[in-house]
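A quick write-up on the structure given underneath.
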Amino acid sequence: MFIIDKIAGMAEAVIQLKDVTKVYRRSHLGKTTESIGVEKVSIKVGKGEVFGLLGLNGSGKTTTIKMLMGLLYATKGEATLFGKAMPDASALARVGYLPEAAYLNRYLTGRETIRLFATLGGIPAGIREDRVNEMIRKVGMDDWADKRIEEYSKGMVQRICIGQALVHDPDLLIFDEPITGLDPLAINEVRSLILWLKEQGKTVFLSSHDISEVARVCDNIGILCAGKLAKTASADDYRNDPDKLEEIFKETVSGTQRVGALTFR
Amino acid sequence: MIEPILAIAGYTVKEHVRNRVFQLVYLFMAVLVAGALVVSALAQDQRLRMMMDSGLAGMELIALIGILFVTVNLVRDESESRSIYLLLSRPLERWQYILGRYLGTLSAIGAGIVLMALVHAGSLLFFGWRPDGIYATALLCAFGKIAVMGGLALFLSLATTSTPSAVAFTLFLWILGHFSVEISFLVEKAHNPFVKGIGWLVGVAAPDFAFFNFRDFMDAAITPSGEWFAWLAVYAFGYTLATLFLSSWIFSQREF
Amino acid sequence: MRRPELLAAGLACLMLAGYAQSRARVSFASPFPDYSQLVFGNDRLQDMAFLSTGFRRLAADVAWIQYLQFLGVRDFGRGGYATPEELESGVQYPGLMLRTLRIVRLDPWFRQAYLYGASVFAWSNATKDPQNAVKLLKEGIHYDPDYWMYHTFLAAIAFKEKDNFDEMAETLEKALQHPDCPAVIKSILANFYKAEKRYADALRIWTGLLADDNAEEYHERAAGEIVRLRAALKR
């Protein structure tokens, strides 16, 4: 069991996973099969920290994030946000979530989408419209805000998705693979966003398999291998040497792939 | 507590209006006009009666088909498109989501009924109909039936594993719901405790739609009392609430 | 199990609904004829489809249209209403009584169906059977005791059976004043007046029928009768 608790005692634990295990059970024709999503994962993330969860595809990154968001229930252990066991509405009110792909209702316009999440985020009606307009401006969607999501490009949808995550000014941002599939300009924008959030004193928890990006923005990282937290490291270990984190990652995940390598030669 | 429900209901209405519900309403209007012409030719001396009955039945049928096919996919579509992730990652209780989606769908269908009723009443007035309270009561009862059906379809969509099975079960219970008096009769007459038990269970679990067919009393010499309407309202509310609570309970067990 | 309180609340609401259902049934028993009283010919699938989807009155409407087709152009449809005796005797409209009962058992307040059926049985030479007319009207009175037209028709039939035609005509004249009065009874009375050489009365009725938008099927015949009756009056 690995625990990142360097900052424990120094700051409030915004995220805490205690020996969390997720077992997926699937029943078909009376036969139940089990597979392990994550096993005995313990992570603690303090206030103002940017934490990166690294891992290969299928290593359990999204499972971990979904347990934090209350979309999945831990089979064993406990996932807490702001000291509250998930799912908890009061904790979720302080969280902004950007999922792996931007899953938005295609029949709504960008403005309606951000307004919906502003309402759900508990922004009072009196200031809601101002906040929505401000967010639309900040994500650069003024000219497109009243068109339906189904008319948007992937980049536009991503911007509205960022808008919904930030509209209620959350203390914690959880980003699941935030740069996957984005063009270099968009990647640059997301990176700037994370650094800006850090400056604002927000806590950021992100998952990725882009090591160089994680190295640039994260204070601490954890590497998941086949559902287990195999390694943790802090910025001191890799910030001065851009290749160091890649080395650590390769060493850690070596031989843990759940599928064989491609062998076209 | 109410605001998130209204927000979910609001976007559900928009989704339906922009999606498919109102296409059915437009279809109904076309069918109504064509139907009025055909019916007028077939039974001239009973033109108003035929237009009244076929219109009320048509409105109810279209609303029922609408709510059935919209509701069985109400949660499933959002789960499959994963747009539900973002909603549930907000301070939103799952029962609030279920209630909001249900109310939004019912409102959209209700608006469709109002639109259809306006066209229907307009065509009746054209042929000399004098408006009365029975028409409004019949519409209200039909709406009660649709509210119950919506709750039932939502519950079955969550309790079953596929859309076709949810549709099949809902249609089965819809038909069974029109034989509730006969089922009660069977339970009374049955000697076998097993048959009695099954009959009782079906009688309680299946909705009693015979209650809601007030349009059958359009020319009746006797009509139900105010007490009957009060119990009907309690029944519709209780049954719908039961389906919503049970849907919320099933949905609370769900993982995404 | 998560949120067991939702399960408990759902079951409690279901029990409340069950209680309300039983109270509603106590406060008002269904006045419709039960399914054992329904008359099914070979259209049973059609009738059952309407009934099982809750469209009882619409079922009666469709049966009414089929009834009019049967009487108008002898379209037997799927049949299955005539007794072997009726078929053997070669009557013009076999199974007419069961076809009428089919409609009024589906909708026991379908006044037009009772009146039309009774008129046809009481006064049409092709289907003459006053017993059936009386039976139909009595069934109508059972469900709708205050509807005066049933009583008027019964009285008219009684006068006719006693060959008291003047009283019969007077009774039917009262019915004619009412908008519910079927066109068929108007044409029957007009024919009766013509046979009695009361051309002015016959002309009055046919003129009324010609102006009646709800009796379009009689317009052609009314126009012809009006010409003939005017000619007869001039003679």
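For reference, chains read A, B and C in written order, and residue numbers begin at 1 within each chain.
As a working rule, a residue touches a chain if its C-beta (ideal position, glycine included) is under 8 Å from a C-beta of that chain, and two chains touch if they have at least 3 such contacts.
Predicted model only: the values in this text are computed from it and were never measured.
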{"item": "Arrangement of touching chains [line / ring / star / complete / other]", "value": "line"}
{"item": "Per-chain CA centroid nearest to the all-protein CA mean", "value": "B"}
{"item": "Chain centre separation (chain A, chain B; CA means) in Å", "value": "41"}
{"item": "Distance between the centres, which are taken as Cα means, of chain C and chain A, whole angstrom", "value": "73"}
{"item": "Centre-to-centre distance between chain C and chain B (centres being mean Cα positions), rounded to whole Å", "value": "32"}
{"item": "Chain C, residues touching no fewer than two other chains", "value": "2"}
{"item": "Sequence positions of chain B contacting 2 or more other chains", "value": "none"}
{"item": "Contacts with two or more other chains, residues of chain A listed in rising order", "value": "73"}
{"item": "Residue ranges of chain C in contact with chain B within the complex", "value": "1-4, 6-7, 9-14, 16-18, 20-21, 23-25, 27-28, 30-32, 35, 51-58, 61, 64-65, 68, 107, 109-112, 143-147, 182-183, 213-217"}
{"item": "Contact set on chain B toward chain A in their complex", "value": "3-4, 7-8, 10-11, 14-15, 18-19, 78, 81-93, 255-256"}
{"item": "Chain A to chain B touching residues, read off their complex", "value": "66, 69-73, 87, 89-90, 92-93, 95, 97, 99, 101, 103-108, 112, 116-117, 119-122, 125, 148, 161, 164"}
{"item": "Complex interface listing, chain B residues touching chain C", "value": "42-47, 49-50, 53-54, 57, 60-61, 94-95, 145, 174-175, 177-182, 184, 204-205, 208-213, 215-216, 218-222, 224-225, 227-228, 231-232, 234-235, 238-239, 241-246, 248-249, 252-253"}
